[in-house]
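Take a look at the structure set out below.
The chains carry the letters A, B, C, D, E and F, assigned in the order they are written, with residues numbered from 1 in each.
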C-alpha cells in the first residue's frame, strides 16, 4: 500500500496530561505520542477514563492540565486546522433515523468536500448497497453503525479517533473494520481507538493501559 | 344470518379477499361517483333555482353539506374500525382506520372552507363562532390528533392501537362537545345569525343535493379503498400473492 | 336552465367569486386525494420490485 | 399495602422531594395569565370582563404542560412493568395516578387562582364560582389528560403532540367553567354550569381510567 | 459545503420528512387561539378588540412548545458532538439552528396568522401590522428560545422548565408586537413599535448565538 | 437449608409455545417446565428471544399461541394469584432517583406485606447499610441495582423471574446473587433467569438454548 498521507503528517502529542473527574484523578503525568503509521489502543476497565482521554485528544473537552500538541503547537492554537485533519467518532453515531444512509453520510462528511459518487461507493463497501435510500429506521443497529463507519472510506483525514468502533458489528463487520484500520496505518495515517476488542493482526500496535480503580 | 355475518367477518379480515373484491368494485365506484358528480353539479349549479334570500351563493350547498355530513360519519367509521381492531385484533380494521383519518380530515376541511366562503356573502364575515362551525373546527382538530398520534409512534402497531384508543375517546366526546358548544352558542348567539332554515326546499334544489350526498359517500368509499389497497400491498409484501402482483 | 347565458352562469349573480372559489378549493382537495393513492401505489410497487430484485441477487450466496 | 396506594404515596413523596413538579405548572399558570393584560389591554374594566376566561385558559394550558411527565418516568424506569407484573388492577392504577396529578397540579392551581383573580380585577361575586369550577373542573382535566399522557408516554418529544390530542377534549370543560365564572360575575345563577361540570367529572371518573390503562399497555410492548 | 450549511439542509429535510414537526405547532396555534372565543366571548366586536393580542399570545405559546425538541435529538444522537469536533464556529451553528427553527415554526405561523385574524374578526387595517410584527417578532422568539432549548437539552422532561426560563424574556416582544397590531386596528401609527421589534431582532441576532453556543458546550460534558 | 416453600409449590409450564415478532418466528413448539427446586437459565445470542420468553412466562405479554399453565390452570385464569407468587425483575430496576433505597424498596415490595425492619435487614444484606437514607441519585449504577435485588431477601415469592440480574454487579455482588439463587432453589422455590453469565455451582441447573438467527 502506498502512503496516502505525506510523511510525518500526523503528530499528536500529550505531555504530562492530568485529568480529574468528581475529585478522582483519572490519570496524571500521562505522556502520549501518536505519529503516522501508529495505532494506539486505549485499554482499561470500565470507568478507567478511556473515553475521557479520547475526548481530550479529539479536542472535545478542555478540562485538563498539561499540554496537548499538534505538530508541536497547542491543539487549540489553530483548532479548525486540527479538526480538518482528524476524524472523530464517539459512542453515538449521529445518525438521523428519518433520513437515508446516503443523506446521513452526506452530512457526516460535509466538512470535507466529497463527491456524491464516493458516497455510493463507500456505502457499497460497508455492505449497505441496496439500502442507500431506505430510511435508517428500518436498518438494524449494526447497519446504522455501518453508515457512520462508511466515513472511514472517504474522509481524507490522516488521524482517526474512534471510541468503541466495534460496537454492534457482527463478525464480518469486525473483520472489515480491522482491515480498514490496517489500511489507514499503512497509508501513513494514524488511529487512536478505545476498544475492549483485542486487535492482533495489525502492525505497529501500541496499547496504553489506563489504571483500574474502585468505584 | 349469524353464519353469514361470521363468514363476512372472516372475509373482511382477509387482505387478499379485500384486495381482490375491491379491485372489481373500483371501476363501478369511480364511474358512479363521476356520473353522480356531473349530474348533481350541473343540475345544482345550472338548473336549480336561486335561493330567494341568498341568491346564487347557496349553490355552495352542493359541496358544503355532503362534505360536512361525510366528515362526521367518517369519524364514526374510523372509531368503529379502531374498536374492531382493538377487540378482535383484525389487522384490516387497523389499516382502514388509518386510511380513513386523512380522507375524513380532507372532507372536514372542505366543509370548513366552503362554509367560510359561503359565510362572506351571507353573513358578511368569513367566520362566526356559531355552534356548528365551532364543532366542525373541533372535529378537524380531533382528526388531526389521531393522524399525528399514529405517525408519532415508533412501531406501527402501537401507532394503530394508540390511534384507535384516541378515536374512541374522541367518539365519546363528540356528542359532549357538540352539546356544550350548542349550549354555549345559544347563550351568546344574537338571533340574527342563522343558517338558512326553510321548512321545505324546492325539489330542483333538493334532488341534486341528495344526489351529491350519495355521490360523496361513494367517492369516499373509493378513496378509502384505493388507500387501503396500498396498505395491503405494503403490509403483505412478503406474501406470495403480493409478490405475484409485484412481479407482474 | 336557470341562467340566460354562460357569462351569467360564471357570474352567479355577483356571487361568482364565492361559488367558484369554494368549488375550486374543493376540486383541489379532491384531486389531491385522488392522485395521492396512485402515486403512493406506484412508489410502493417500484420499491418492492427493487427489494425483490435485491433479494434475488443475494439469494444464491445465502 | 397494595401497589396502588404505595404508588400514590411514592408519587406524592416524589413531588415533595422535587418541588419543581408542582411549582413549575403554578409558575406557568401565573405567567400565562399575566401575558393577557400585557398583550391585550390593561384596562381594569376590560380585564374584569375577561378574567374568568383567561384564568381558565391559563389553568388549562398549565395542566396540559404538566401532563407530559405523568407517565414518562414510569415507563422509562420500569415502574409500569412492575404494575403490570403485580397483577393489580391497572384501572385503579390509572385512576390513582390521575388523582395524584390533580393533587400536585389541579389543587395548587385552584388555590392560586384567587390571586390571579385579584390581578385581573375579577368581580368579587365571581370568586366562589371560580373556585368551585376549578375544584370540579381540574380533576376532569387531569383525568382526560392522563389518557393523552399514557398514549404519548413512549413518544420522545411528546409535549406538543399531547396538547394536540387533548385540547379538543378539554373544550366542554372550558366552556362550562368559564361561563360559570362569567355568569357569577354579572350576578347570574351558575348552578347549571356546575352541574354539567359535575356530570363531566362523574363520566370522566368512570371512563377515562379504562382508556388510560389500555393506552399504558401499549407502552409495554417495547 | 460546510457543516453548518449541511446541518441546515439536513434539518429542513427532516422537517420535510416528518410533517408533524411544522404542522403540530401550527395546529396548536390554531387551537389556542380558538380557546378564547370559547372561554371569553364570541361577540365579533369584542373579538376584534382582542384579536391581535390573542394571536400573539398563541404564537408565543406555540413557538415555546415547539422549541423543546430543537436541540434534544442532536444532543442525544451525537450530532452535537460532531459539530464541536468539526472545529467550525458554534456561533454559526447556533444561528443556523435558530434560523431553521424559525423557518419551520415562525414562518408558517406568520403565514397562518391572517386566517386566525379572519376567525377572530380582526380589523382590516391591522393585517399588515400583524404580518409585519410576526415577521420581525417570531425570529426573536426563535433566537431567544434557542438559548433556552440549548440549556435544557439535557434535561429529560424539560418542556415546562424551558417555558419558565423563556417566557419572561418574551415579554418585551409581546408588548411591542401586540401594541403594534392594536394601534393599527384603531388606525394609529405603529412604526415605533416595529422599530423596537427590529432593534430587538438585531440585538438577538448578535447576542443569542453566543449564549446558545455556550449552553450547548455544557451539554457535552456528560 | 429447610424448605421455605411447601412441596410442589411451583409448577409453571409452557406447552407448544410459539411467538413471532415482526414476522420472524422466535420460537415454536417450545415446551418448558419449572418445578420447585429448579433453576432454569435461558441462553442464546442477542435477539434470540430470551427476554421475550421471560416476559411471556411472567405474564407481561399475551402475544403468543400455545398454553401457559400455572398448576395446570391457564396463567390468566387467576392472574393476581399467580402474580402474588411470582417475583419479576426486568432490565429496568424501577428505582426512582429522588427517593432513598429504603423508600424505593418499600414500594418494590408493597404487593407483599413486609415489615419495615425487614427492609433495613435486606438493605444491609446487599451492602447498602449506611446508604438507607441517601437519595439513589448519589449511588452508583451497581448500587442502584442492589436496591432492586434486595427484594430477593424479603419477598415471599416461590417463583423468581429475573432478566439479566447480574448486570452492573461487581464480583462480590455476583457471588452474593449466586448464593441467593442457590438458597431459593434449596428452599423449594424456583428461578427462571436470562443471563450470559455462566452459572456453575448451582445444583439442579437447566439450560434452555434459544435458537440463533440471522438479522
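Criterion: contacts are C-beta pairs under 8 Å (C-beta built on N, C-alpha and C of every residue); 3 or more make two chains touch, one makes a residue touch a chain.
None of the values given here were measured: they were computed from a predicted structure.
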Both-way neighbours, i.e. chains that touch subunit E and touch subunit B: D
Contact distance in steps, from subunit C to subunit E: 2
Numbering shared by both copies at the subunit E-subunit D contact, with half separating same from different: same
Pair of chains whose C-beta contact count is the highest in the structure: D-E
Averaged-CA centre spacing for the pair subunit F and subunit E, given as whole angstrom: 49
Averaged-CA centre spacing for the pair subunit E and subunit A, given as whole angstrom: 38
Sites on subunit F at which at least two other chains make contact: none
Overlap residues in subunit E, where contacts from two or more other chains coincide: 18, 20, 24, 27, 31, 38, 41, 73
Touching two or more other chains - residue numbers and ranges from subunit C: none
Parts of subunit B lying in touch with subunit D, wherever the complex brings them together: 86, 138, 141-142, 144-145, 148-149, 152-155, 157-158, 161-162, 165-166, 168-170, 172-173, 176-177, 179-181, 183-184, 187
Residues of subunit E defined as touching subunit D within the complex: 20, 24-25, 27-28, 31-32, 35-36, 38-41, 49-50, 52-54, 56-57, 60-61, 65-66, 68-69, 72-73, 156-157, 159-161, 163-164, 167-168, 171, 174-175, 178, 182
Parts of subunit C lying in touch with subunit B, wherever the complex brings them together: 1-3, 9, 12-16, 18-19, 21-23, 25-26, 29-30, 32-34, 36-38, 40-41, 44-45, 48-49, 51-52
Contact set on subunit D toward subunit F in their complex: 1-3, 5-7, 9-10, 13-14, 17-18, 73, 76-79, 81-82, 84-88, 220-221
Of all residues in subunit B, those that touch subunit E in their complex: 116, 125-129, 134, 137, 141, 144, 148, 151-152, 181, 184-185, 188
